[in-house]
Amino acid sequence: MFETLTLSTLPAEDEAIRPALRALIQEAIADLPVHRRARSWQGFDAAFSRKLGQAGYLGLSLPKEYGGMGRGPFTRFVVVEELLSAGAPVAGHWIADRQSGPLILRYGTEEQRRFYLPRISRGEALFCIGMSEPGSGSDLASVRSRAEQQADGGWLLNGQKIWTTNAMHSDYMIALVRTSGTSDDRQQGLSQLIVDLKAPGITIRPIVDLTGDAHFAEVFFEDVRLAPDALIGAEGQGWKQVVAELAFERSGPERIYSSVVLMDAWVRHLDAVGRKDSATLRLVGSLMAQQAVLREMSLAVTARLVAGESPVVEASLMKDLGTSFEQAVPQLIGDDLAANPDEPVDPELYRTLLYVTHIAPSFSLRGGTREILRGIIARGLGLR
Amino acid sequence: MFETLTLSTLPAEDEAIRPALRALIQEAIADLPVHRRARSWQGFDAAFSRKLGQAGYLGLSLPKEYGGMGRGPFTRFVVVEELLSAGAPVAGHWIADRQSGPLILRYGTEEQRRFYLPRISRGEALFCIGMSEPGSGSDLASVRSRAEQQADGGWLLNGQKIWTTNAMHSDYMIALVRTSGTSDDRQQGLSQLIVDLKAPGITIRPIVDLTGDAHFAEVFFEDVRLAPDALIGAEGQGWKQVVAELAFERSGPERIYSSVVLMDAWVRHLDAVGRKDSATLRLVGSLMAQQAVLREMSLAVTARLVAGESPVVEASLMKDLGTSFEQAVPQLIGDDLAANPDEPVDPELYRTLLYVTHIAPSFSLRGGTREILRGIIARGLGLR
Amino acid sequence: MDMSELIDPFARLIEDVCTPAAIRAIEQGDETASLWNAFVESGFLDALVAEDAGGAGLSLSDAAPLIALLGRHAVPLPVADTMIARALLAAAGITAPEGPIAIATGTGAVPFAGVASHILSGAPEAPVLTEAVAEATGVHHDTDAYVAGVDGKALRPIAAVVRALLISGAAGRVMEMTVAYANERVQFGKPIGKQQAVQQQLSLLAEQAVAARIAGAIGARAGLQPALADAAIAKHGASLAAGQVAAIAHAVHGAIGISEEYDLQLLTRRLHGWRLADGSESYWAGILGELRLGDAAKSSAQFICGA
Amino acid sequence: MDMSELIDPFARLIEDVCTPAAIRAIEQGDETASLWNAFVESGFLDALVAEDAGGAGLSLSDAAPLIALLGRHAVPLPVADTMIARALLAAAGITAPEGPIAIATGTGAVPFAGVASHILSGAPEAPVLTEAVAEATGVHHDTDAYVAGVDGKALRPIAAVVRALLISGAAGRVMEMTVAYANERVQFGKPIGKQQAVQQQLSLLAEQAVAARIAGAIGARAGLQPALADAAIAKHGASLAAGQVAAIAHAVHGAIGISEEYDLQLLTRRLHGWRLADGSESYWAGILGELRLGDAAKSSAQFICGA
């Protein structure tokens, strides 16, 4: 099983983009303290995102006719790896580039493509995704926000989303809402709508998290009027579209690098204090070895995307292993530093450690809880 | 929750029995190589068991009128701790002393008590427990062995047991069999019978395990005739009796010491080669610390028994934690030894390591699989 | 003495004065005096001071449930540390100040130093008291802080035991909150606590919470100058549990658990801080390993029973 | 070259000659010649020997699936080790003997030394061949054995990669057996594979099995003299997986899994042996850690991509 996941090599032309990209990133993060860089894909910097767009690092997998770069998942792998491993602030373009763009390309009308995709590729159209609602959690089919189609073909949207990442910075939300039937119909009757977040009737309330940041928000819809072309894809097919979108979300190398800024700061600390006892060496090596394997697994999943497959089970497998690793890193590094209580520790490292420790539970929320992912794997194994 | 589990102290009179007991044990194990001692509660030595009985270390919780010692769970804790931590061969009396004796005391008739209990206390009546059947596993209620009551009040037994520990060395089996209804009735209609294993119609076939030992056996019953007094407890109440028995089985300190002979041999090795690097010290200390906590948890459970309670959930909690620890020990010690591939290792230590490594899966089979135990804990937490 | 005579009023006191709102206020930098005064007036700060020095003369074992209660409610002031400090100071004939005292045992962040008036360092038999000059850690809502220029390494064992007891209290509360949440939260048409996978996780959480409590009790059994091995067993076990308890609790709670307005994080942030303070699990494992290999001829059972 | 042209016949060969019964016979001390001869006659033993030296000239990456197949079927002879040895010997201009060759890299038990005719030590570029004088380990049904008086430390990286590939093959098979068993075995009225707790465990098993395969492939990518970092990543990952795969497989199988007549143990005993041979996970973690700290200015991503 899973034999198609094999070692892959990035094409030379994709490797070749690293130096210029790296220079751009270094310039952007030069003044960012480590604990800010540790935020990585929660770090928001609209100017940097636009700069990436101008330099041609966004919309990589979108066709050139829509302003994209016409390259493939391997190129995107390189860009994501460089951005995340350096701790660059990517929240400004992340969702649009990774999920909304491909979704619009796949399910959108020609008009929608022409309208949104070039702006996404320039880093100028910021998207968020409205899935969870109060009480729904992983049970997405239980959404109760509702859009009624009007006589003119437009939509009247009422309801509420919660845990929406970056809603307060975004221009648009792609919302999963009920357009027909009742919540007893579960997956039936759901659709995806593109909601202009500047429309009247929308209230966005940030949710502050335990680190003091506000990446999530609640979004309230009260008689929000949307044009007919707000519908993306087919009415009633929202569930199917979301499942495809989630599979894509789970495939990237972002499942490895969430704790890497902390790890690198810790390695520099070990180097600075010259600590090289056996326990230290083994921990460093164990984390590096796991990360190396995960990186190759991620690249192998990417290769399946390049081959035109939809490696849902493989991506879930990699993500579950990857988030376990990412969540273990702050626990292990914390244990290591506090195992040497007479060694001076840079406050910036400690602050970063605690930030990552506190936010780590969120790593296994993004794109499906552990139980959900393991259920997908079990199904892939033929167990259900 | 679980507030009743608190630190307890063994009474001085129970601590006082250690020196004499220890001398007896040392004599018995002096010539046993380490890999034999590592077998501990799978080690069979009928002469040693009788010697323990003569010296008054068996039947500790049985009343004196039945040949027991009239002492309590604390005394038994000390004896078990001394036996297991030294790797003494206890299989010859283990089940009779721990489970069958208390069961007969609780559910047996006066005649049954007078017949069996004194012999158990002398280490002369060896028992095994017939629960599992082919295909039943943890689902004990699915047993299909059947005893039909005869006109004379006696029983005609047919069927098969499997994974019966020590059947080939035992004098008696306490078997859970169906005496009324059908297997669709599940827990209804089951009874416990004391089966004299020398009775005609019984075939015992040892099951060799992956270490080359044969602790388990299949036992076949073909028209085995049992006297009316083979029934222990009430007809149809076998399930309830077994559940009580299993709770008792899960309470003892035997859930900590299965890997201790290996651990001690490893510590002597580290001492001999003088290895004291940080990784080594941390592993040694981590195992010791976990064992110390487990030991106090086990003692706390024992204190609940002394107080007359039936700490089913607490015992399951301790057992699950304990077997996880016992199973981790050979993996961690193996990793440690093989992390020093240029260090000479005593072949006897390596042989012991591999024996414990191979047999360790059995630790979580005794008295309920992990899933079953965690289900009991979940119920105790109020989750089902 | 029936301990419930002590525990119940202490529990009521904490529940009255140390609400989640009060904790949040102090974490945001509000004044600490009114909360602290409640503890001063309660008389509990001298619970461990010898009777002939005007205290209640409790043993650390007696006081362990009180310290666990402080952890259980995430009290954001060094009440337990001050109890220890006042006992050590009294024994050394030093008059204790009225304010909160934090205990500094290493170069890292000192628990509660950001809200302490004084710092204890030195050794149990020769405590040193200095005014608190602390530097903030920069960690969000942290009451821990850096303290320079003191050496309290010799206090690490007793401080570790305090931390283990605080962890055990917090872990017990986190267990209860998480079980309650799993029973309430409905997903896919039933409470998530009915899912076997969630039940298995909660069982692990419960095991660790109980292990932390037993570990803490081992640390407390020898009083204010714990045997090094006991302190090691206590802090190792509690720190090990702290990480797992926090991780499972957050996994079960999902997104709500990491929002600031939900109370779980008041406890899990403490669990992480206390896990690291005064030596992590590996620090104490190393200490215990050294003791064990110094006594290699003994069996493990003998070592542990004698520990 | 289409690799299936090589893999399929090799798989058929192994399935034909290396049945569970044949494995058990050799483990019990029966003769090994007939099984060995099948491999000799197959020509695969020279798969890695350069073409100009009369071999097939495969790279180690090409041969990796063949080695994994040997692990998959728990072949109880050092076929992979001999393939490596013959390639190194040929490169050094030394004529290889016809019998099975084991590779000794440390003081511990040498994989397959109990059924080898020769022992390879020395270094990749300067291999040393000696006749096998091996002492049994005493472990039940073990074909590993002790070898004294040789130094093969310099062969440890390539031996570790072989072990990683064998582990990956065995782990894949154990995964399949365990999934199949979970689907067949009915308890409480349904296959145990329908229990959510079992599904979660099997997912972990699958993750580790795949990780082991990827790790093995990393080890194989640079050929017969692997970069130290690649060997470390390979053996660390495979050894880590081996322990977990074996543990979960046995937990799911229950009692039947530890009976000698059931085939699972033929694989799990190998997993444990290979996990320990040529350096365990912590040994290789230490090696990799040293490499990483020797290059601390690099980011982890750069270190890994350059490794």
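By written order: A, B, C and D. Residues from 1 in each chain.
Keep this in mind: contacts are C-beta pairs under 8 Å (C-beta built on N, C-alpha and C of every residue); 3 or more make two chains touch, one makes a residue touch a chain.
According to UniProt, the chain labels map to these proteins: A, B = Acyl-CoA dehydrogenase; C, D = Acyl-CoA dehydrogenase domain protein.
These figures come from a predicted structure and were not determined experimentally.
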| item | value |
| --- | --- |
| Chain located farthest away, centre of subunit B (Acyl-CoA dehydrogenase) as origin (C-alpha) | A |
| Cα-centroid distance, subunit C relative to subunit D, in whole angstrom | 48 |
| Rounded Å distance, subunit A (Acyl-CoA dehydrogenase) centre to subunit C centre (Cα mean) | 36 |
| Multi-partner residues of subunit C (at least 2 other chains) | 195-200, 281-282, 286 |
| Of all residues in subunit A (Acyl-CoA dehydrogenase), the ones touching two or more other chains | 278-280, 282, 339, 371, 374 |
| Chain contact topology (line, ring, star, complete or other) | complete |
| List of subunit B (Acyl-CoA dehydrogenase) residues in touch with subunit A (Acyl-CoA dehydrogenase) within their complex | 277-280, 282, 339 |
| Subunit D - residues contacting subunit C, complex | 195-197, 199-200 |
| List of subunit B (Acyl-CoA dehydrogenase) residues in touch with subunit C within their complex | 1-2, 5-7, 81-82, 85-86, 257, 260, 263-264, 267-268, 270-271, 276, 278, 280-286, 288-297, 300, 317, 320-321, 371, 373-375, 377-378, 380-384 |
| Residues of subunit C that touch subunit B (Acyl-CoA dehydrogenase) when the two form their complex | 61, 172, 175-176, 179, 182-183, 193-194, 196, 198-200, 202-204, 206-207, 209-211, 213-215, 217-218, 221, 232-233, 236-237, 240, 281-282, 284-293, 296-297, 299-305, 307 |
| Contact footprint of subunit A (Acyl-CoA dehydrogenase) on subunit C as seen in their complex | 105-109, 135, 137-142, 146, 153, 156, 185-188, 195, 197-198, 239, 243, 247, 250-251, 254-255, 257-261, 265, 268-269, 272-273, 275-283, 286 |
